[in-house]
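Below is one structure, written out as structure tokens; comments come after it.
Read from first to last, the chains carry the letters A, B, C, D and E; within each, the first residue is number 1.
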């Protein structure tokens, strides 16, 4: 994040509201209760399964390692719906009622913004694995909002530079018309233009549109030599449309981002995506972590935000353990500390042992090094660069770890 | 019937029409409605094409004509429910073309519909109350303070109940209008139109489907309107009724006014008989006479079909 | 399974801000649809206008809160006028589609990238409810009847203001619908031409209904925005209108208490089903579905519940069965 | 803005592996490297940092000693003859370099001899604009036909039963997923799966009326209540599809991502041409059947007045059931075609429901031909309006047209005014 | 209309006895629209083959309701209807059309969005082959329809609609014809025609049940007449007798036509 989004003049939404209900938050009830509001329904329903799996896996491992403060962690899953329904607000009420100490979610920045006040005013930690909007950096969250989500700034900059490096002169950006899409698109644009490239066309499309031919036609008119496709699941509609209008991956360089970097082997004919590149924040989620996730939910196809969800859960547990306090206030006070500055550890068990021995720890997770800025944003992240093969699956080319100074 | 036994209104009306030429477009001494060159076309069909017509104030005027002659369409033009292609007309000396329907009604020209429009989910009495003009409580803000309109409402209700009684609908007072029978709806609609104390009442086939015994008692009521100084213009196919109550008859065919005059002279007009009345035109009938005519007509038809 | 939780959540939702928001939206619809027969399917647009008026006035332009309220009411009335001029001549079912279209236009405009400096794009706006909560007379703490009902002081303030608004709106409508004014509206619902023939300015009455309903809807928008301390464009999509209709029909159209009770019952049931199911899965009482399917199943149950309610009580809770049977085809 | 530092991670081997801060790039023109061009780098304060000359492969790099903002200048005099900067004003770029990180810089070159705006066409070259217009008109037709196909069923059902069916979008989705089930899960070819799906959809439509809507009519449920019930049903069906098939997008096994073929200025996929053909045939067939066959007239009669239709000897229930069956079948066809040209998703039907309603309304409620005309207008405006408004707002175009047309013709394009009196 | 003198209600047993096995008979019908409110309160009716029956009565007496219940358009609560000995209570209207019954409703009796010709075609729905021939026949009776065969019925004048409605019922060549106020809204000339037609059709062997407010005319031509009041038969007798009954005249017929 950064200071580019200055806090609004009247930044305090609830300056006078009581600080977190002190009675509830005083010391916690001894059991760490982690709630989640992640999409089970709605536009982002496809993101739900990996995120839930990430949380589940983490809780499983935490409890296997002896839980938090000697007690197993309780998890409560709830639906966030999408921004069209007001389900999230309901779910939050539910979770608060069930004395959740921390809530993981939501996936969509828009949804998070509708519930953030409710959560932080209740003295509960909100921890999103997927919010990327810069809004949260400066949001008056009373110190209760955190995220492991990759920053738009980082990914956008890497992607823009990558496109320049590959010789993209006339670059077009197609992005979802939502906070994720527009935010990331802005960063990519900044990066491309800063490196001497030209943005030939920019199209923000409505993800709910019945078809994207007009959007692609507009891109086509701009005659780009590279296209950054900032989208989610609509990619499955966009790629065929691009192909149809003669802008397929064989003719134009196409770049994916974290929202659509997925395994398309079942969706597209062989070779279609060959050569497409993409960026994905987070360290390798391949290997063991993926295997473990699949054990938790064998149906998983995509793994987007699973590492972030996993890390969020582990961090919350560690923070509670570090402060010997499972209340929201306790967790919020210790989250920054366990994320940086200390002995590095990469799994809960190891970290727990260090904590028990009184050592200051620095948790490095599966999504990256995870170091929180004071605003609760990750100040360090790993961005991977991937490339699709003939089989429409992506493989890693390289990883880069970047640091954002508060 | 003797002249001196006539009620004042009827006498006045008869006097007004006395000696008037029975020809289309004839000027009246005190017209309430004057119509000039009203034309309405539907595609290729000219449904209404009225050159000049005047309606005498304080009289009961019948508008007759074959089915599809354009009577209802003519009503629609005059009352602002449809826009005429050409023409102008004045009501009480005021130009009325292009005036919207509700203003026409406020001016005192109230119509009923041939195909009834009962307000189904309002009770009969509410239907009636609705008919009253310039109600204080029909303004949103004044409506919020019952004190402002209670008094008027009571008057309206009393008047409505009185009318309902006369129209034999008092038993249905608190039923939904939607549950009335076809004839009852006609009655309700007519009674409702009278709630507004109109100057000119325009009735489109008011008695079609109404039980004859009731028709008869209603005729008295219509006649009474004339005594109260209202003018009545009505469309009707029931010649007995036309003969009984109308002071003047206007005949339309194919959109044009083809004849005008007192009932008896119009009904003996050859063209009217041809176009409209058919065999059934001599009046009044005795039961035997009626039967005889029926047989005649039948025989004629038999003959035609055997030819 | 935690039955206390389930009941408590259901009861809270039944009297909570959701119930207020939908009650206000449905009261507006009741004026328009229930009494006047205007099939306004764009109520979400009016709520959006109310919500965004406060948010934009305060968050974007830094102007006082009450000015936002005033602007909201004014804009809702203006929107009703604008919408009414072209549409009130239309048949009811045409009106429905046009109003959906208008509400969608409002939503698409406030969420557009081009205007995101003003409206905040898809993220919407936050940080505008400070002055509202500054007026909160409740000191911090928990209020309610433990263990079933418990609200914090912020919620209490929203609820107080909200229910007072509901009560005021309902009382005004109660008086208005008893008056001859209300009679004209009901008559228009049945047959406009007949009403016109009786000398009533039908257009003006319909417009009044549209404006009043819209303004009441915008009150719902205020509560929506303030209770969440955020506005978000997609919350004001057609689904909101649909649910508001459901609430109205559930309670009984053309009944003063219909929308209020409808809204309370709707939310009570919705949350009861939702929380119950969620709790059952989370607590392991139900094992054959996974968390990922809970949302879907809950929506299925909501849909099913909605259908069953209307099938077995088509006139709603307060409706009159006789009225329903008059116009059945 | 915080500084961004990239740290080299193990395993990386590409050009990304930067040991220190540097500015670098590759000079190319139409993919061919350009050698021998001088590039200088200076600090923000114009203190020279270093310079480089592009190599045979076009690459150059200049190391800088710390993160910060640098001015990178291409010496235009050293460019080979006939080559020039595309934008001569951009001979000097200010770039941000971050700690431990290389920054790629690009200078766009053109053939100076080539006509200006030649190959790029980014100056709004006329021909590419008109290509786009043509493409959009084609897409408008394409979308309009799909909407029309969905709308015809909607209009038929509305026409005969008076039901505003908000669950109609889900009928499209169900059709698409039925075909998906046979195609992807059971492995039948789409050309076999689709007809099976259509038959099942027709049966589903029939059953829906037989066991659901018909029962409601019998109970004399009001039309508004039925409309709300349809909202409930839509919710239910959508959630059911989410439950069964998940939230992600799916596609059929065949005809995925076909490459476009060029027809004049228009690029189209063969499958969408075939789909449009099917749509046109079905629409015309439905229209003719409604106008000229006895059963078609009977549906209109039932629409007008069910009691009278019954009195004329028409089995009203059977006609309505038939309408449901065929309406659902047509909707399913629309769904399948939408699925082949777009993608399958549990919300796909809902996403075009508003457009279908707009089409039906625009054309004139209850007239099947009106639905066709209205839908084409809607489809056309959705696509063509993107010439003037951002695509994200493209539905606004269609909706505004809807409002404007209804202002002029309150009964819709093909609707007819009712007689008063 | 005030309640008919209960004593005037015909002796049921005599009526039932007379009914015998009439072509169409209904016994003690109770029917209505709203739950709990009966419009028909035990109406009886029988028609012998080839008879022309007239039903008169005040507005709201239930005449239309009676016809509609006979025709399966209103739910019969108790009582039975038999046609040619077959119990047809509760049968749907279209099933009755199959059995040769035709019906002209009082209101909403055309399909507004269909053309005149299509309206008539719907009348011949179950016998499409006969359409041409019957169409000619109907056009002969109502020549006005022939000119307007392509016009939408919704835009027809009231009388023209009535013609279409009559014409539609005549398309089926029914063996029993139920007419609900067929002459309403027609010009005197056409009214004559309707009554003559009704009589002619009847002479051709069709059983006709006619509800009329043009009561005098109706009773003149019918074999037997029923006076319905408040959902029950108040009087029944031959048409000629009814027309002369002073009580019937006072309560139902009025004296206008012979002022």
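What we mean here is this: contacts are C-beta pairs under 8 Å (C-beta built on N, C-alpha and C of every residue); 3 or more make two chains touch, one makes a residue touch a chain.
Owing to the predicted nature of the structure, the values given are computational and were not obtained by experimental measurement.
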Report task. By the contact definition above, name the pair with the higher C-beta contact count: D-E or A-D. Result -> A-D
Report task. State which chain is most central when centres are taken as means of Cα atoms. Result -> C
Query raised in the report: What is the distance in Å between the mean C-alpha positions of subunit A and subunit B?
Result: 76
Query raised in the report: When the C-alpha atoms of subunit B and subunit D are each averaged to a single point, how far apart are the two points in Å?
Result: 59
Report task. State, to the nearest whole Å, the distance from the C-alpha centre of subunit B to the C-alpha centre of subunit E. Result -> 28
Query raised in the report: Using the touch rule from the top of the page, what residues of subunit A touch 2 or more other chains?
Result: 39, 41-42, 45, 48-49, 177, 204, 206
Report summary line: subunit C touches at least 2 other chains through residues 108, 112-113, 193, 293, 295-296, 298-299, 322, 325, 327
Query raised in the report: Of all residues in subunit E, which are in touch with two or more distinct other chains?
Result: 33-34, 155
Report summary line: Counting only contacts in the complex, subunit C reaches subunit B at residues 172, 175-176, 178-184, 186-187, 189-191, 193-202, 208, 212, 322-323, 326-327
Report summary line: subunit C residues touching subunit D in their complex are 86-87, 89-91, 93-94, 96-98, 100-102, 104-105, 108-109, 112-114, 193, 238, 242, 245-246, 249, 253, 293, 295-300, 302-307, 310-311, 314, 324-325, 327-329
Query raised in the report: For subunit A, which residues count as touching subunit D in their complex?
Result: 1-4, 39, 41-46, 48-49, 153-154, 157, 161, 164-165, 167-170, 177, 194-198, 200, 203-206, 208-211, 213-215, 217-218, 220-223, 233-234, 236-237, 239-240, 243-246, 248, 267-269, 272, 301-302, 379, 382, 385, 397-406
**Report entry** In the complex with subunit C, residue positions of subunit A that touch it
**Finding:** 8-18, 21, 23, 39-42, 45, 48-49, 52, 75-79, 81-87, 89-91, 93-94, 97-98, 109-111, 113-118, 121-122, 133, 135, 139-140, 177-179, 182, 204, 206, 297
Query raised in the report: Inside the complex, what are the residues of subunit D that reach subunit C?
Result: 161-162, 164, 166, 216-217, 219-225, 228-229, 231-240, 242-243, 306, 354, 357-358, 360-361, 365, 390, 392-393, 395-396, 399-400, 402-403, 406-407, 410-412, 420
